[in-house]
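To start, the structure under review is shown below, and the notes come after it.
Residue numbering begins at 1 within each chain, and the chains themselves are lettered A, B, C and D in the order written.
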């Protein structure tokens, strides 16, 4: 049973803090708990996202965003959410009923599943997989299937256009985005996020602990180019700003979610902001050093699983309660928790900065046409990413 | 080119078939229905006149009879010309200018929609402003407002 | 601000009508009503209050500009009179995601079936605001306008009438407040399940 | 990168001819309620996938029977109805009507009233071009320029509020003069507006005009040749963008426009071919600068004197007809007034520039993408109030 869980969830399963090698039932409970935590995080991102989007848009357009609902308008997304919950459950007559209901679920899963491999801090990860990047890219394609379904199901011409446009857009941004990842993987030598961030901590050009200089971007010109290609591909995958063609407000009325209302539309809404955070967190980890950021991490202890940590620090305590207190106050646990927290602050900070730039880009740039998206991605970004990958390979051969 | 030179040139080209309207304000030239096309071709293609801009087609119901007023303008020579064609009330038909001026297509459809003029060889003469199942031509002097439309009282 | 306790329910009701967004005063109003067992029809259970509060503060209008009033509606959405402050700034293009249909401009007989279809396409709790004299009763085109519908309440139910030709942006924002007050005193759960309210 | 549509369409056709690719053209209804149709215009588009085969504009959803009303009310009562025709530039409509009536009555207008009318008409032209700038940006997906445009427009609206008491439909030009005089405070506000407008004009260029995506979306799209423009009766910025330097304020000056010097911006095809969407947009932006110059000159040389002529209570115009074209922000707008010595007009026919500007949509929207149809209709800057009358 043990090796089965470890094979499923990662080579050094031993340091996976929440998947101790114990019974199958405990694992499922813990993973559903983790799933709920991730769902709450995505919901929180959509709450922060809608609020930030309307306030930032207001600020950039010279007007105030929502500021009357609760303190400085903070309750505005909650009011939107409850209102959307209370709307009528409306399915158009000519729609394919089951596909119509399934589409938002698929889109939301397409965004939620990749969060399983996304670390929030050095050890705070649902499952630290060996093939994390591959897993994330694979399940992002699931979202596209959902949107195509949402495009076709309601039998309305506008959503059909939205779905077709996303298919064309997905085909064009996936390849350069994948190649941009190849550059990082070539350097880091592994698909696992722990190794990638560890690679960004290794000394570079003589500097022992290159805090910021060690980031992925500054490692080599190939990575620098790959960063921009990846971020543009990320914008296209989250259907944001210049690439928001599938739900083009001014051309296709509202693109693929024209016929959706109420809670189903809220799922599309949450999926959009979830995808935005996913892409910005991914860029932060791969190119901006993940949790190894400006705030220095305290010297964490050697990786040890939770159970091992528990046994050493609570030896000889009678009651469970005093064992917990001892465990919490144990110095080694405090430093580990401290490392987690600072790591989280580093990573989430960078991700939220990229989150803000996405919002910023949306409210400044006009939308580009669908054939220009394909031209940009296939004729400009693709050769660029190929050259970057080639450059990276040559650099590695030269270096060692 | 002053209106008097214009009038002489046209009169020379079409002897005693044009009459000068007598009202005050802008000078109008009265043209008969059947030589409207000839006059329009002449003033459009003649280099000295070169009226290439059909500014306005207005359908007028003076209570006694219908008349269709054309305003022309020439960008090269910067002079204007107004032609009027009077039609009988029973069956107002006149040739369409849409083959010569593309803007005439919509302007004539509006005259048909509002006043019921029937333009011959117009590509698709149907209502442009009012709904297709609207009965009557509103700008005629003897037009009565419909009591209700599709069930909505007036 | 005199303390709220000795205020009578009517005063608080009036204040909460004028300012439904203020959560605290609204809850005090509910507390007083429950204590003094006022007439049951006014009693609104907390769940209704929560739903009403969220619906009142997140009204998404439908971009549906017809004529001159549409330009004033755009001006209300712009910088000087920002409608987004009250949560009503997200103009949705599709009727499916809109709660409020602001009919801004003259409705003609040719446009009437479309307006009716759009109204029917909007999901429930939907509200209609007749903006401008033309939508209320034909406006300047009432006497001789053969093609103008004399007032949209002939074919769709209207919640709020905003007089003016075109009404000033302040009038439109005041109409939004009145609509919020109207929503704040609805009782969705009671209508739906007959529970809550006069329990 | 111009999408080579002919080659693409021919490929699709012979593929479908060989029977292995069955494509069907669908009719898409960019219906009367659509975020980017500038009001209640219905565009029935016959598309083959994203490629547009035909685009049929359908109008009449806002037909408010102006011409029937104009025959049923007296001359003075028609002025408020002319405000509601092109409701974004209502000063210019009322000015065109009032000038027509005064020309038929052959009465002399005081120079001060003429100058005030010029100032007010040019201010309204700037406000209309700001709305056109904003909605064109909105059509291409840029939300922020719309708000910038409205920010400056609010300054103009506050000036008009002091002048006429209303924000959008003013009833300010009256037969025989204007309603209220420009006092020192309003003149100072206008000068302040000119200063802010000159400061923020480069901001708009940075935001939209020089934006690469905007240029890619509007250059070489919706190209209208000069003959097509003239044959379809296009006037105003759409005509001038095709290279025809014709402006009624210069060609047939009215209301003392001949006293001011300003030049007429025409399309040079700086970013693509002559008279593509970008040129029409750029001609409007340059016209804002020209209007600022006119207002400045008019304010500096504002003569003293009366602002309104004494006219009898019931106006009886001599029998006759008049057509006086004026330069509206959207093109040549004029009222053909026929009177027969009655208090009410026999017939008033209005030339609507947007009506003719819109008629060319079907010709230039063939073989373009759906997104370009939106850009083309946006660049023509139509207002449905004056199309449907």
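Keep this in mind: a residue touches a chain if its C-beta (ideal position, glycine included) is under 8 Å from a C-beta of that chain, and two chains touch if they have at least 3 such contacts.
If you're wondering where the values come from, they're calculated on a predicted model, not measured in any experiment.
Asks: Which pair wins on C-beta contacts, C-D or B-C?
Replies: If we tally the contacting C-beta pairs, C-D comes out ahead.
Asks: Which chain has the mean of its C-alpha atoms lying nearest to the mean of all protein C-alpha atoms shown?
Replies: So the chain nearest the centre of the shown protein is D.
Asks: Taking each chain's centre as the mean of its CA atoms, how far is chain C from chain D in angstrom?
Replies: Using C-alpha averages as centres, the distance is 34 Å.
Asks: Please tell me the distance, in whole Å, between the geometric centres of chain B and chain C computed from their C-alpha atoms.
Replies: Spacing between the chain centres: roughly 49 Å.
Asks: State, to the nearest whole Å, the distance from the C-alpha centre of chain B to the C-alpha centre of chain D.
Replies: Their C-alpha centroids are separated by 25 Å.
Asks: Report, in whole Å, the distance between the mean C-alpha point of chain A and the mean C-alpha point of chain C.
Replies: Distance between chain centres: 39 Å.
Asks: Give the residues of chain B that touch two or more other chains, as numbers and ranges in rising order.
Replies: Correct list: 130-131, 138, 143.
Asks: Which residues belonging to chain A are in contact with no fewer than two other chains?
Replies: Only 61-63, 249, 253 qualify.
Asks: Can you list the residues of chain C that touch 2 or more other chains?
Replies: Correct list: 78-79, 93, 110, 146-147.
Asks: Is the way these chains touch best called a line, a ring, a star, complete, or other?
Replies: The chain contacts form none of line, ring, star or complete graph.
Asks: Identify every two-chain combination in which the chains touch.
Replies: Result for touching pairs of chains: A-C, A-D, B-C, B-D, C-D.
Asks: Can you list the chain C residues touching chain B in their complex?
Replies: Result: residues 109-110, 112-113, 146-147, 149-150, 154-155 of chain C touch chain B.
Asks: Write out the stretch or stretches of chain B touching chain D in their complex.
Replies: 23-26, 28, 52-56, 58-63, 69, 71, 75, 78, 82, 101-103, 105-107, 110, 114, 127-131, 138-139, 143
Asks: Across the complex, what residues on chain A touch chain D?
Replies: For this pair, the touching residues of chain A are 57, 60-63, 157, 161, 164-165, 242, 244, 248-253, 363-372, 375.
Asks: Which residues, counting only chain D, touch chain A once they are in their complex?
Replies: Residues 1, 3, 26, 28-29, 34-36, 49-50, 137-144, 147-148, 151, 207-208, 211, 213-214, 216-217, 369-372, 374 of chain D touch chain A in their complex.
Asks: Would you pull the chain A residues touching chain C in the complex into a rising list?
Replies: Going through chain A, the ones touching chain C are 54, 58, 61-70, 73, 75-76, 78-83, 86-88, 90, 249, 253-254, 257-262, 265.
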